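First chain A sits with chain B, and in the next complex the same chain sits with chain C.
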Partner chain A sequence: MTTPAPASTQTVDLTARFPGVVQADARPGYAGFIVEKDALIEVAAAIRDEFGYDLLTAVTGVDYAPDKMEVVYHAYRTSGGPGLVFKVQVPRVDPVEVPSLIHLWPGVDLQEREAWDLLGIKFTGHPDLRRILMWEGFEGHPLRKDWKEGFYEEDTKPFKSRWPHGQFYMAEDKNPFKDNLTFPQNFDPEKWIPEGDALLYGALARYTVKSEGGISTDRIVINMGPHHPSTHGVFRAVMTLDGETIVGLKPVLGYLHRNHDKIGERNTYLQNMPYTDRLDYFNSMTNNFGYALAVEKLMKIPVAERAEYIRVIVSELTRIQNHLIFIGTLLNDLGAMYTPSLYAFEERELILDVFEAISGARMMCNYFRFGGVVRDIEEAEMQKIKDLVYERIPPKTDELDRMLTENEVLVSRMKGIRMINAEDAIAYSVTGPVLRAAGVPYDIRRADPYGIYDRFDFDVAVRYNGDLMDNYLIRIDEIRQSLRILDQAIKQIPQGPINSQKPQYQVRVPAGEAYGRIESPKGELGFYVVSNGKPNPWRYHVRPASYVNLTALEKITVGQKIADFVVILAMFDIVMGECDR
Partner chain B sequence: MYGKGILKGLGVTWKRFWDTYTEDLAWLLRGRKRYYTEEGVRHRASKDQKGIFTVQYPEEKLILPEEARYLPFLVYNDLPDGKREILCTSCGICAKVCPPQCIWIVRSNDPQTGRPIPEPTEFYIDADICMNCGYCAEYCPFDAIKMDHDFEIASYGRNVYNMEQLLKSSEYYKSIRPVNYAREEAARLAEAEAKKAKEAAKAAAAP
Partner chain C sequence: MDNETLSLPEYDIPADMQNLVAVTTLDRLYNWGRRSSVWPLMFGLACCAIEMIAAQAARYDLARFGMEVMRPTPRQADLLLVSGTVTKKMVPPIVRLYNQMPEPKYVVAMGACASGGGPFKEGYNVVAGIDKFLPVDVYVPGCPPTPQALIAGLIKLQEKIDKQTLKDASWYKRKTKDPNYVPIPILGPDLIDPRRNAEIKHAAATPEEN
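Up next, the complex of A and B:
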């Protein structure tokens, strides 16, 4: 049995450095520091420059209705180790204002916009504070506790109408659509013009340069997406072009937004588990892992030993199949339609067969439970995994490598095309393979180990050129490293129970906060969960890798050719289910 | 040499193309059918598979593992007198644990005693909302609700299943999940044995 590490091990004492403006967070179950709003920028600069927490990964807000709102920052060192949590508390009176940290960490851009959009926290100093997941003109801030969605029934599940008097009705019959929407004052749908587009193009306008060398050239605005095959879903990029060169770009998100966080706050802790499957639908196992980690930290329960190994095995299989899909879709984006992607999908299919046999579903696995996993891997399935790991995947990875890596067309499309350099990648909170391909060997499995990853011998895949080719090659490296971990996990896995807890449909979670983060195949996937001791989480926030990585998209693409944009986007390996939530 | 990488890649593709036909030929020579047979489908979903791996749905179907889950159904036992014994006691755990809240149960009270009848009066599952997570089957203490294998449920309109549509016999459950059924049956027998032994001990202890 391994006991989870304490929620947050403080290695620095900010209160001594900033007496008076920084207090340790003394609420039971909480950790970190509470910073005075006016001193935030000064303290944050010290955290970055003096204490060396250079990677600010997660920024989010919590609505402690009715009296205050809080912004929570999670900072880490790229050299590894536990993180530093600092918070700002402001009274819950509009306008709720907090200084923006965008000048210290440009990576907070999209996350601050999200907090503004969903919670109504105004980040003063943010140059482009528009809504991001909802549309401009939307009334209200959905994550506030007093905001209610269409078809609202009750604050928390389970709903009373279901049992014991569960006379079925359809939500839309009882609750007609129009009666349950809040419109802005004096709203007239006939005359309404979306103001969002004007703001969006306004944000792009700062790139416009009038004339060069006496010849005035026109800039063209191109909307790529939301329906474009290269965007892996409903992602829209609005860009201004000068010839073929991108001179300005803004990502537009939210087409697949369903307010996962709000759904999560209505759900009980256990009910959230299958919802996490739907975030990054290629990697449901790792999504489960992150959420299970966060709640286990809150509950302070150990994980059964065998389950720890099973978790590693399924996570690494997930990583392999994700990178296979990545390579397949990348080649699709490059114009090598379907042959490489189908070759990659073939191996993935075999991995999904294993997932289906152990969890019951190919993609929406819902396999993790607090304290372990739901079902044991029986001998027959273990044999299948061994066959895959020892006989099937290694030669097939080599085959994929042989088929693609030296291909001259591929090389000329990718080699030497700049992605991002190490400093920018860290500043923009980029995580995952993109960060490692820029030369930063930062892998949470090694830097801040969770589960039992500290027991395995593997190399953090890292490449140093930071071009597109390296971003592709690092995926193949990672498949090979995952195979190494799998080899050790399969050999070491002990017999025993698969859950340290009794199966229970309503878990007890003591009050407090926890941030569970894992190295998902796409980067850092974090779950910030706040409990007030009730059966439902008070705050449930997902820090998705694809979404935060996209912050750097503008930085990377400006100055590049539009034809390369498709490949650059493919390198982020975004999944809109996770990105838009 | 420029173009070597492309040729190497083409070699892989060519090999795959070639493998499909050599596999077909090998199966033919051994007198076995590679397509439209369970053996063939199983082989194409195994680690030894070479060449083309497509399964020709709907003529061929993938073989589902026992744990595969799709929609829930209610289990009943066939009694010797032709009646059905519904295992559900309408305790409501499935309705409470259901993440999208798609289970609706009506529990009635006995008019004479005023106590709940241990059988649902109505049971609805909104299959369009069901997210196939399997919690209802996992947390049901009476093995009364189980996950089905049948995934071909396309229809026009909304799929709201009432109790009659949801009920399936325990024989059917046994046929799709033999291992689970055997395990649960053994547990039930052991429980009945223990109960009997307890009662016997009680009877022996009583004067």
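Up next, the complex of A and C:
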């Protein structure tokens, strides 16, 4: 149990502490502080050390074309309470430069690289500022408002070609290259020399150590992925090995970069809802939850009482099935091929049956709406949920626990193998079960409650050893806590409407910014949405849990054995759809 | 396959030899063996891969069709299940995997994204369908397709295998060059398909008509 911290953004008066360089953000609908670029590091250090905002979760850029660009930071206290938003504004003249915060919070590493890649914001002082989601040599920074993709049609949807007139044409026919391509003027493909991975291998070179005692040892660079059965999708890790010990590692991402941000800025608000399903495709319900929270914050609308309970019920069911799959795939990675995952998928199918009955789809539920949910849970489905929660899942959890937890092979592969300690986990912005297994009881459901989570009695699962075993055990703990929440929610759910608003395709969203965050089964999932009052978001950014957690991968694995790398990666429970977006 | 369907109807087998002898063509026997042991490459791209795993699991049980042996290496696989969004950054590895698979090989485009870009078609890093690079045998619609839909697609693939014959099987022909080899795309300012170099050069030199 954490103590609720009453401190809100307003009580932290940065403007008084730093007169002249910090101003309150006075734009209507905005909150937080605008910091002068030159004072950023000093102010950020004070925010961390004096005001106690030790967890910097989200870093992203916004392109306020045509005159300025902004970098937005969201910092939180691991003791709980709401966050602090601070921003830096710079003129939109190349090079757009902002000082890097990597020496204060190493967790900004990948997020700053992403902002450089997609928005072209140069973070001065970042030691390894390479592209991350796209490849070196790619032309332009795609999230800038003046950058147009190959199939560009219009700035905003619905496109005039489809609606209301309904003329239809193939996007390929409009593009000069007859495909989703853009090339610079007079480009000659035969003269192109690909940049390849020279920069990547250069970044690894600093781990090269000279030979000792006259015996020269050779380091081997190996690539794992993007096609590898244990990387949970198209993840690639490039490692330098000294024998079996990892001495350097760089994750290579972007193999599933599906441009959620760019597509999301063309879509209307409601059109984004089904896209959020496809972020973390195990947990479409919780993804919906985060996005709905962000837009509801902007619209300032309440959520119907029954819908609040339905949201909690589906979110916790989602968490249970995610953790079951986690255990199944973890055992796969440990070499227990198939059997444990067959066990895990059995229960998952039953939960997906419920989702299919209430939302119409097994995986991509598209279930939440602004102000509520789209369909009610009928009595028959509620009975199915009760059967699952009271009859089926508890003995199943016990069975997994009994089968696996004391298994000798499992224990020897996991017990005592270091994952991450609390201090590093916070510095590297790690959230979710990995942070809690390191001994930090930080669960957004308790630390900064959203929805109606403040009404339920549950314990924040926490373990203190920070080894792989704890990271596995905490998942089982969390399944049990989710069952407790489900039990209360099923008993308390009232009758009534399921949406506080009328069903509508085009919602009215006033200008402003909002950051909606939830405790997804993988960690903090945040949606940063900026509205300018039009039917489409100006900026739509997803702060994915897997992606930011991976920042710590290098820190954790260097010095470990290569055989343990697979298990360490499994503990992050990454899903590439969410990671690369 | 039981004897009734394996045997050819025009050759009557004497009553005392029934269930002991089957008369059939080499093609049928050959295709029966191949269609009943299609080994897919253990290769998932995105959301569809999860439904692919669900199809392998207990409830849908792809083992009924001899497809439960997922091979992590392309050298042992017969079937490339493109299960998810194909991104420009991922196309070179996919094409490489395809080139490494031995003949006869098949490609199933699973889901809307692999078939034509799906909901992400307009994205700057998305390839609008794997068929721009690889020859696709079966398209499975859905986003993601349910396991039932995937199984239906794989049965369609089995039907396709049934229709092939040894007489014109390209993989037994003597050839100097692999006819199915696909040149590896290059990551340039945008994705470069080496087969279209001349076309790209021409279009890039032509000023836009606006």
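The rule is simple: the second predicted complex is superposed on the first by the 552 of 581 C-alpha atoms of A that agree within 3 Å, B and C clash if a C-alpha of one lies under 4 Å from a C-alpha of the other, contacts with A are read in each partner's own complex, and residues count from 1 in each chain.
By our rule, a contact is a pair of C-beta atoms (placed from the backbone, for glycine too) under 8 Å apart; a residue touches a chain by one contact, two chains touch by 3 or more.
Bear in mind the structure is a predicted one, so any value in this text is a computation, not a measurement.
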With both complexes superposed on chain A, which partner does A:497 reach: first (chain B), second (chain C), both or neither? neither
Just chain B (first), just chain C (second), both, or neither: which does A:274 touch? both
In the superposed arrangement, which partner chain does A:82 touch: chain B (first), chain C (second), both, or neither? neither
Just to be sure I read the superposition right, which of the two partners does A:125 touch: chain B = first, chain C = second, or both, or neither? neither
Please indicate which partner A:364 is in contact with in the superposed arrangement: first for chain B, second for chain C, both, or neither. both
Between chain B (first) and chain C (second), which, if any, makes contact with A:262: first, second, both or neither? second
Touching partner for A:52 - first (chain B), second (chain C), both, neither: neither
Using the touch definition from the top, say if A:346 reaches chain B (first), chain C (second), both or neither. both
Look at A:577 in the shared chain and tell me whether it touches chain B only, chain C only, both, or neither; answer first, second, both or neither. second
Please report the chain A residues shared by its interface with chain B and its interface with chain C. 274-275, 278, 346, 349, 364
For chain B, which residues count as touching chain A in their complex? 2-6, 8-9, 11-13, 16, 45, 47, 49, 53, 64-69, 90, 92-93, 95-99, 101, 103-107, 116, 122, 124, 126, 131-135, 138-139, 147, 158, 160
Which part of chain C faces chain A closely enough to touch in the complex? 42-47, 49-51, 53-54, 57-59, 72, 84-85, 87, 89-90, 93, 97, 117, 119-128, 132, 143-144, 146, 186-192, 194, 197, 199-201, 203-208
Complex contacts: residues of chain A adjacent to chain C: 133-135, 137-139, 142, 149-153, 171-172, 176-190, 192, 194, 226-229, 233-234, 254-259, 262-263, 266, 274-275, 278, 281-282, 341-342, 345-346, 348-349, 362-364, 576-577
List of chain A residues in touch with chain B within their complex: 157-159, 161-168, 170, 267-268, 270-275, 278, 339, 343, 346, 349-350, 353, 356-361, 364, 366, 374-375, 384, 387-388, 391-392, 399, 402-411, 503, 505-506
